[in-house]
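Given below, in the form of structure tokens, are the structures.
In the two complexes below, chain A is the common chain; its partner is chain B in one and chain C in the other.
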Partner chain A sequence: MATRPRMIRSHRDAMALVRTPTRAVWLGILLVFAFAAPLWMSNGLLFLLLAGLAYIVGAIGLNLVSGYAGQLSLGHAFFLAVGAYTAAVISGPSTQTTFGLGINEILVWLPAAGITAGLAGFLVGPIATRLRGLYLAIVTLGLVLVGDHVLRTWTGLTGGVGFGRQAPDPTLLGLDLSTTGPILGVDVARSALLYWFSLVVVILLTILALNLVRSRTGRAFQAVRDRDVAAEIMGIDLTRTKLIAFTVSSAYAGIAGAMLTMRLETIEATQFNLLLSFLFIAMILIGGIASIPGSIAGALVIAILPDIAGPLGSVLTPVFETLTFWRADAGFPLDEFQLEQLLYGALLIAFVLLEPRGLIGLWVRVRNYWKAFPFSY
Partner chain B sequence: MAITHPLTAALPSTQEALPDGPVVVADDVTLAFAGVVAVKGVSYEVAPRELFAIVGPNGAGKTSNFNLVSGVYQPTSGSMHVLGHDVTTMKPHEIARTGVARTFQNIELFENLTVVDNLMLGRQQHLHYGAGAAMLRTRRVQQAEVANREVVEAIVDFLDIQSHRDALVGMLPYGVQKRVELGRALAMEPKLLLLDEPVAGMNLEETEDMARFILDIRDELGVTIIMVEHDMGLVMDLADRVLVLDFGEVIANDVPSVVQRDPAVIRAYLGGTDMAELEGTR
Partner chain C sequence: MTTFLQAVVSGLALGTIYALLALGFVIIYRATDVVSFAQPALMVFGAYWAMYFATVIGWNFWVAVVIAAVLGAVMGAVIERLFLRPLVGRPVFSAVMVTIGLDIVLRVIVDDLLGINQRTMGDPFGLQTVNIGGITIPQSDLAAMLGAILVISALLVFYRTTKYGLAMRAAAFDQEAAMAQGIPVGRMFGLAWALAGSMAAIAGTFISMGNSSLSRSTWVFALRALPVIVLGGLDSIRGAIVGGLIIGVAERLVAAYQPGAAPWLGAGFELVVPYIVMLVVLLVKPYGLYGTAEVQRV
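Let's turn to the complex of A and B:
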């Protein structure tokens, strides 16, 4: 027995999250890298990464309901808004234009954002038990439109279009996480504390999601997605299962909404629109449907896309200037934002056409290739 | 000395005493879809530990009958009692929880999941923790998962599909998928097992293996089985009683040797109206 110390000998080991020492090592390296990021990254990149961390939470949430449970939801932005404004109301002070509770403790408003959004998901969930596929997508689309309208008109909550209200103020047990300057004598990027806190939240929520999907509930999600008649024959209550999926997913979205806005100065009422919902769909499509690591990868790709679009634009400009059919003085015809939108559209199309399993599918292919090397299979 | 099958130990509740009386009572059940009457006033009873076969030509209402027992359809009229429960208006998942498992004519496995995960889905109603505990992966959740995984492994051994354990079901050959589906139904620890064409499309060897599994499930576990099957050889060899349907109606219900010689059955299968009847219609 001792000659094969790495052999899996118990069901418990076979079900473990990190099954092999190699994976443990790589995971460790990844974590060290992630925690060390503020020590060498620029403020700008860290700010994007901070959005990336919020995106990860939201993408995991969407993947739970749409990827695992198969309930296509375009309403994700609505639940992000619920979370963001719950956090803002609890953390923000009451002013002449907006109301607030003035409790800026992040350990209060971040869970509260998740709970309120989860509750909203629980209330919306019953719709999903009566509809499926595109019909559900259309109804959840309506949810975003209604939410958008409410946010535009309810100025007491949002501060009104064009003004906005103060974003949630992250204070952890009295320590202001948005402080600047060196920490313990080490010069770090501006939002380092916020980043580390977010990272811990993301790791915790990732573990919770991984536990969920490898459990009774997670298997029920996938059974409902693949064959709902057979799922019922297995004794799975479809209504209950979809309700759980919507509730958990919305709670994740709520936390993501709060995390996404806490790095900003103000929350603008118009940012929780259909485009944001599509952004999350793009994340799980690019990362990998029904995959938690895929959600993480997709969220990070979407988050750093603005940082890719900039340099790409400056590379493309001289190319366009040399083309004679183009007016030489015009330069590159797209600005950075347009280029970013173009990139993200192109990525979506490329992944849906070429690798529907997303980045995770790509990774599996590469891994299998090297496993079998030098043979093709 | 009696040899105890490991499966008997893994699936204890299959051997629990059944309520008195028949396991299934269909009383004048009719199922109509608008104008089409799929099942017409069908009545039958299935005794405990019986291997009951339902046969009939295509479109006779065999699978519809299964759908009525398992709750996929609800009867238009008449009543259905299963394991002492009135299931006439119960939902499929509620019926499943009374101890009814089934397989499907066209395999209905979860293709994107592994064999083990498919079988674990069969254990769904034997896992009692909630979503919150699942996310926290409490000790109780871990113990429940391990205990049920052990049951699944006993089924994997019984069906001899060890080498496919971690394969995605969609990638497996047809015959193996049929076995996995039987395994998934077995994992539910049923008291009544409905098999919809268990050997359809199988070669002789696969059919013989499947026949052995079916007999073992009945004899070792004492599970009552209702089987829809077109393979007459298999039905006549295995079944205790045979119900013959034609155009949604019962035309015979007896032991195989009697059913085989029943003129109504022969007519339904061979389509031959005998001369006397032809004379009569003229």
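Let's turn to the complex of A and C:
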């Protein structure tokens, strides 16, 4: 039996998280690589990866509600904002312009960010569960725009547009993760500690999500996505299932929002806009709809885009300069942010048109090709 | 009372432009079951062409508007042919995602063309106003209202009475049956996108006229037409028009009274009013005012 490791003999084996020894080996290598990353990476790249880890959490959340449960949500940025500001309020001190509790223990504010955002998702849920398909997409889009207005107006919370408030301050059991200095005699950079902590959070949340989607609830999600009427007839409570999907997804988004901002100095009220929602949509489409590994891959691709945008700019700028005739104004070179947008927009279109299952689908195709090599089928 | 009437009139002007934009969404939705999130980009692009031909090249403003409408139609049709046609038969989800991607890409391009300054459209109205019975109406509002009514009526006549309109309605009603009757359904999709593209271009031009201007933030206006279609019902032409007027008037009434009555709601609150109206209506009627309720059959 040990000679046939790929043979699946029971349902238990088929549903295992790590199905084959090969996978276990690769997973181990990947984990070692991930934990060792701060030891050799430049600080700039590490900073991007930190965002990448936050993106992973958010992308998994969005994939749960949109990929697995099939409820297209454009409101992810709103829940990220809820999480980010919960964290900032709990960890930040009260100042003249903003209020705060001043508890900077990360083990307090990070779960709190998830819980508050989850609660927000639960409250929005009843409206959302009444709607189907594109009605839901537009309503959640409205949520982001209304949320944006609230953030701009409520200066006690956000510090006002153009000022912002202090980002959540990560302190783990009294150890300030945001300082540089010797820890147990070893010099560790600020972002390295944050990175390791975030990595652990990401691993825990990934396992949670993997377990959720192979549970009864996860199967209910997929049944609702594939055919809601059929699911209902099989005895799945539609409202309850959608509500769970929304709540869990929002909680993930809240944690992602807190993680995304804790690496920064200040949070700006305007950063939680529609483009952020679109960014997360791009992640799950590029990575793979209804796939947790896909969410991770997509989030990492989007996270390193700023690094690619530079070289792309030197290629694209001359192209855009040829448009002078059509320009209303003297040429403005595309800034980095625009290049990034251009890139992820193009990737989004390309993946939907050419490989709807995303990077994961691409990987499956490559793997299957080599599995049967040299026979194509 | 004057404040009230003034708000209602300017709201109606705004509402007709919303209706124009909303009709673009509805026509695409009826033809292809897709809500096109690329509409904001098409709107800014269209307004850009009008501005370009009117101020940079210096042609007559109305000629520029017609050129913008034609270019908008061409852009809509080309986008449909290149990016949406391959997705026919695939889940609606995919097509919607592509329109989001298109919006992102097109908006970067048009932002780059536009530059960072606010641009006037080169329209003949400027800040001039008309006085009717004590109510002051900007000429540009009046022109926008009349222009939008004209375009909407032309569209309705086209859609209700011509051969192509009939073909479009048939294709929207049942694609297979339409195909069996010899209607080129794919071309009808293209036509729907072309119409929507040119309506977006005209609407974009109208909202940037007069005392407003065209800038990188103009696109948000098109997002406020989304509540209009949800309010009216995604597939209802009547809903788009009625919804547009309701939301236009609501927005302007709030703009007139909220700063005095409830300043704590913040500056620019009227801009989120469309969404709030939408949410309230949806709680009562989940398919909007005139939308077709989905019948679930087992």
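In the analysis below, the second predicted complex is superposed on the first by the 334 of 377 C-alpha atoms of A that agree within 3 Å, B and C clash if a C-alpha of one lies under 4 Å from a C-alpha of the other, contacts with A are read in each partner's own complex, and residues count from 1 in each chain.
Note that a contact is a pair of C-beta atoms (placed from the backbone, for glycine too) under 8 Å apart; a residue touches a chain by one contact, two chains touch by 3 or more.
On a predicted model such as this, the values are computed, not experimentally measured, just so you know.
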{"item": "Partners on chain A (chain B, chain C) - clash or fit", "value": "fit"}
{"item": "Per-residue touch tally on chain A - higher for chain B or for chain C", "value": "C"}
{"item": "Partner chain(s) touched by A:130 [first = chain B, second = chain C, both, neither]", "value": "second"}
{"item": "First, second, both or neither for A:11, with chain B first and chain C second", "value": "first"}
{"item": "Partner chain(s) touched by A:139 [first = chain B, second = chain C, both, neither]", "value": "second"}
{"item": "From chain A, separation angle of chain B and chain C (C-alpha centres, steps of 10 degrees)", "value": "80"}
{"item": "Partner chain in contact with A:357 - chain B first, chain C second, else both or neither", "value": "neither"}
{"item": "First (chain B), second (chain C), both or neither touched by A:338", "value": "second"}
{"item": "Which superposed partner A:216 touches (first chain B, second chain C, both, neither)", "value": "first"}
{"item": "Touching partner for A:233 - first (chain B), second (chain C), both, neither", "value": "both"}
{"item": "First (chain B), second (chain C), both or neither touched by A:349", "value": "second"}
{"item": "Chain C versus chain B - closest C-alpha approach in the superposed model, Å", "value": "6"}
{"item": "Intersection of chain A interface sets (partners chain B, chain C)", "value": "229, 233"}
{"item": "Contact set on chain B toward chain A in their complex", "value": "70-72, 91-93, 96-97, 101-102, 104, 108-113, 117, 120-122, 124-125, 127, 129-131, 134-137, 141-142, 145-146, 149-150, 153, 184, 188"}
{"item": "In the complex with chain C, residue positions of chain A that touch it", "value": "70, 72, 127, 130-135, 137-139, 141-143, 145-146, 149, 152-154, 229, 233, 274-275, 278, 281-282, 285, 320, 323, 326-330, 332, 334, 338, 341-342, 344-349, 352-353, 356"}
{"item": "Residues of chain A that touch chain B when the two form their complex", "value": "10-12, 14-15, 208-209, 211-212, 215-220, 222-223, 226-227, 229-238, 244, 248, 290"}
{"item": "Contact footprint of chain A on chain C as seen in their complex", "value": "29, 34-35, 48, 51-52, 55-56, 83, 86-87, 90, 92-94, 96-98, 100-105, 107-109, 111-117, 119, 223, 226-227, 229-230, 234, 265-269, 271-272, 275-276, 278-279, 282-283, 286-288, 294, 296-298"}
